[in-house]
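These notes open a run of structures that come right after.
What follows is a pair of complexes built around chain A, which joins chain B in one and chain C in the other.
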Partner chain A sequence: MDVVFEQYFDFGLMRDEFGFVLDGFWQTVQLSIISGVLALAWGLVLALLRQLPGRGLAPVRGLTIAYIDLFRGVPLLLVVLIISGSFPFVAEGLGLPQSIGIPQWFGKPDPFWYGTMALTLTYGAYMAEVYRSGIEGVPGGQMEAARALGMSHGRAMRHVIVPQAVRRVIPPLLNDFIALMKDTSLVGVIALLEVVEAGRTVQAETLNSSALTLGALMFLVVTLPLARIVDRYIAREQGRFQRGLATA
Partner chain B sequence: MTHGRLTTILLALAASLLLALGAAGCGDDDDDDGDNGGGGADTTELDTIRPGTLTVGSDIPYPPFEQGRAPDYDGFDIELINEIASRLELDVQIKDTPFDTIFRDLAQGKFDVVISGSTITDERERAVDFGDPYFLAEQSLLVQVDSDIQAIDDLPGQTVGVQKGTTGEAYVKEEAPDATVRSYGDLDDAFNALVAGQVDAVMFDLPGTQEAARTKEGLEVRESYDTGEEFGIAFQEDADALREAVNGALAEVKDDGTFAELYTEWFKKDPPQEILTATHTPD
Partner chain C sequence: MTEPMLELHGVHKRFGTLEVLRGIDLTVLRGNVVCVIGPSGSGKSTLLRCINLLEPPDEGRIVLEGKEITAGSARGESLDFVRRRVGMVFQQFNLFPHKSALENVCLAQEKVLGRSREEAAKKGRELLGRVGLSDKASEYPERLSGGQQQRVAIARALAMDPHVMLFDEVTSALDPELIKEVLDVLRELAAEGMTMVVVTHEIGFARDVANYVVFMDEGVIVEEGPVRRVIDAPREERTKRFLGLVLQR
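Our next item is the complex of A and B:
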């Protein structure tokens, strides 16, 4: 047991390497926020595309469903590896400049952007399904009433359905965001120096794993409050529903 | 949901779990069991994890030292350890393991020895002991053929790929602190990143970079650095008997010409005289 404490809870080492692991965690946070926001937006776009009415737009709905199936069905790690490995060559083949194939935008290295792409593409698919459950959960009468008032499908969605839908799925969206934040660690496989990779670097140099524990603690500092916020939001919505203020 | 339904679902889950565990137990492990001379009579004094077998940890692939797929690994290290083990009348079991935790895993008792193109360093000897050296290595800088980088002095501001936990990583961080170091868990990922242009150079052992230049498109070794590194076989810290036995077998292999044969086969040249007589005492 002593060995476990020494290997994983060496506080002196944690103190010495705190700055380095924190720098890694800052990368994690940046990647999470940027990918998270993009995934939330992209997910909504996908969900709306999937909802488009009419026979003419069936191909659009079909492609959207295929996209969502693909990215929900393939592990994120594979998506990261495939994008990182192929992107420079695909870009070159399409005649795009190297600044696209090996993106170094805003001073962030290319693994950061490959990671962003992979996370956005994948989590966009998950979030699209969450939005869909929200949209389908809004009573059908709402859409009928909106159309009866002369609103087009688009206006009805924008002003009536989507606001209600999004409010009801904030907890699962936040849960997906927490999952996304933890999954950023997969981008370490293409050598982005995020918090897990920083911990592993210290581990390889010092033959001690305490930096990994430190990384875990840093994650908890962020994910625990987020989880509590989700809980409070759910409780508040439950309360409103029970008092008859929210729609069913 | 009725109680009946819930029970059925839970039973189904438990059954799937048991099935999956059973299937895992029946499947083959991703290991190589060498077939060189059966377990000898007096090998128990060597106190190996499995009597009669030498359990070897190695990070595969690192051509030309270790490469291939289980159970047909080959390479200089693999053939050398097979040769040594046969002198000790031991079977060999090779376990592929990531390099950045390989010495920790050895110290924790997962293997008897580690042979993985690894340099003898003081830091590593805090956790493990090394035997006598079997290879002299240098660090080297690998770049794309048309790169402007000519020397280590050109590295500041550039991105250098390395493998996590290697002396190449330590060397470039020490000698070119203004370069951005990108550390990959798998050696091959670093080389592929160089081919794709995602890193500007790779710092790694010379035999490794030469092999990469030979097998991958458009790479060349620009410079090498005489760091005086020696590769050794690593042991757990209290495994004196095993270490001495392996040192003895290695000396035999060197003395009777087998070492020179293997060396020439894998490196296309004669071994340097120093390596044939080099010894190492762990502190």
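Our next item is the complex of A and C:
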């Protein structure tokens, strides 16, 4: 048993490497929040494009569905690799300035931004599906009532449908955010020193995994409360729903 | 007072192979209350939904205040024209659950008619007062009874200053003791001269309030005429049978 403890819970090592691992985790958190916010917005855009009415807009709907299927169907790691490997050349070929091809905005290295792109593109597709379930879960009478009051499709979406849909999908969106946060570790392969890569570096130097355990603990400090928030929100909504039934 | 507000000429509506409306001709005069009665599945609701273009008709013409609204080319423009003149109230109320009663009444006033927040709220409070719900302005729909929700829905439609109101079985989802409070609002509206098309199973209400009754079955108008004529002295066998069944209850 001692060897298990020593390999994974070497407190001395954890103390020595704490600052280094924490710096990595800070990268993870920043990457998660920026990608998460962008994916939330991009997912909503995709969901709305997918719900556009009318025969004339069928191509837009078709392209959106193709996009969502594509990014849900390929591994995030692959997206990370093809963006980081070729985006600088593609951007240069398109005549874009180097500040876009090799982005180093806000003092963050380019792998950070390639990771942000990959996470946003991929999780936007996942979140679009979540929004869609929310939008489709709003009773059809809501859109009809809004249209009957003279609102356009866009206005009805904005003021009537989306606010109700978002409320319904906050828990699954938070779950997706937790998944996204864990998947930021894949950006480590393109040399972003996030928490897993930091732990790996220490592991390679010391032949001891305790720095990775420390990283895992840091993840849990964030993800466990988030999971509890999701549970509590669901319980509260269910209470509301049951009260609603009682008064109906 | 006797010019036509709304005219339907040969209106057809199909859902796939099912023909729900099979040639409807109907004229609604300004200030009149027309009640549409008939068995379930006879196309009554679809008729209302065609009038405000929630379901565009497949064939035929609909003329509202002298303007044809079914002309294919100018659909968008027609939609706006219709929805600003025609208010609709639904069987299931369809209040916006994330908005208070007053916000329900104000939303479209602000976003569609461009009224200021204060203007909309003033009109909203006035209308909630008219349907007897002044004290419920800040309540959310889940805290209101069905009858109260339906009265908010009526106020919401009236806030748009409609010229015609469509009522689609507005009491069918209500407990019996709540029906009267909604019908009273309709009565008052009728007395004020609002042009109304009312799909209803409340024959007593139709007898009291309607100027004109339409009996529909299987997508056609079987019989129509003044209330006394259609309800008290129906000529068609199908009308007699339906009224016999309904009045027996």
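Here is the rule we use: the second predicted complex is superposed on the first by the 244 of 248 C-alpha atoms of A that agree within 3 Å, B and C clash if a C-alpha of one lies under 4 Å from a C-alpha of the other, contacts with A are read in each partner's own complex, and residues count from 1 in each chain.
Here is the rule we go by: contacts are C-beta pairs under 8 Å (C-beta built on N, C-alpha and C of every residue); 3 or more make two chains touch, one makes a residue touch a chain.
Note that the structure is a prediction, hence the values are computed from the model and not measured.
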Chain B versus chain C as contact partner of A:W105, first or second or both or neither: neither
Chain B versus chain C as contact partner of A:L149, first or second or both or neither: second
Contacts of A:F89 with chain B and chain C, given as first, second, both or neither: first
Touched partner set for A:F11, first chain B, second chain C, both or neither: neither
Shared contact residues on chain A - chain B and chain C: none
Partner chain B, residues of chain A touching it in the complex: 84-85, 88-89, 98, 101-102, 109-111, 189-191, 193, 197, 200-201, 203-205, 207, 209
Interfacial residue positions of chain B with respect to chain A in the complex: 100-101, 103-104, 107, 123-124, 126-127, 159, 161, 164-165, 170, 180, 182-185, 189-190, 192-193, 196-198
Chain A residues within the chain C interface of the complex: 139, 141-142, 144-151, 155, 159-160, 163-164, 167, 240, 243-244, 247-248
Touch list for chain C against partner chain A, complex: 52, 54, 80, 83-84, 86-88, 90, 92, 94-98, 107-108, 111-113, 142-143, 145-146, 153, 156-157, 160
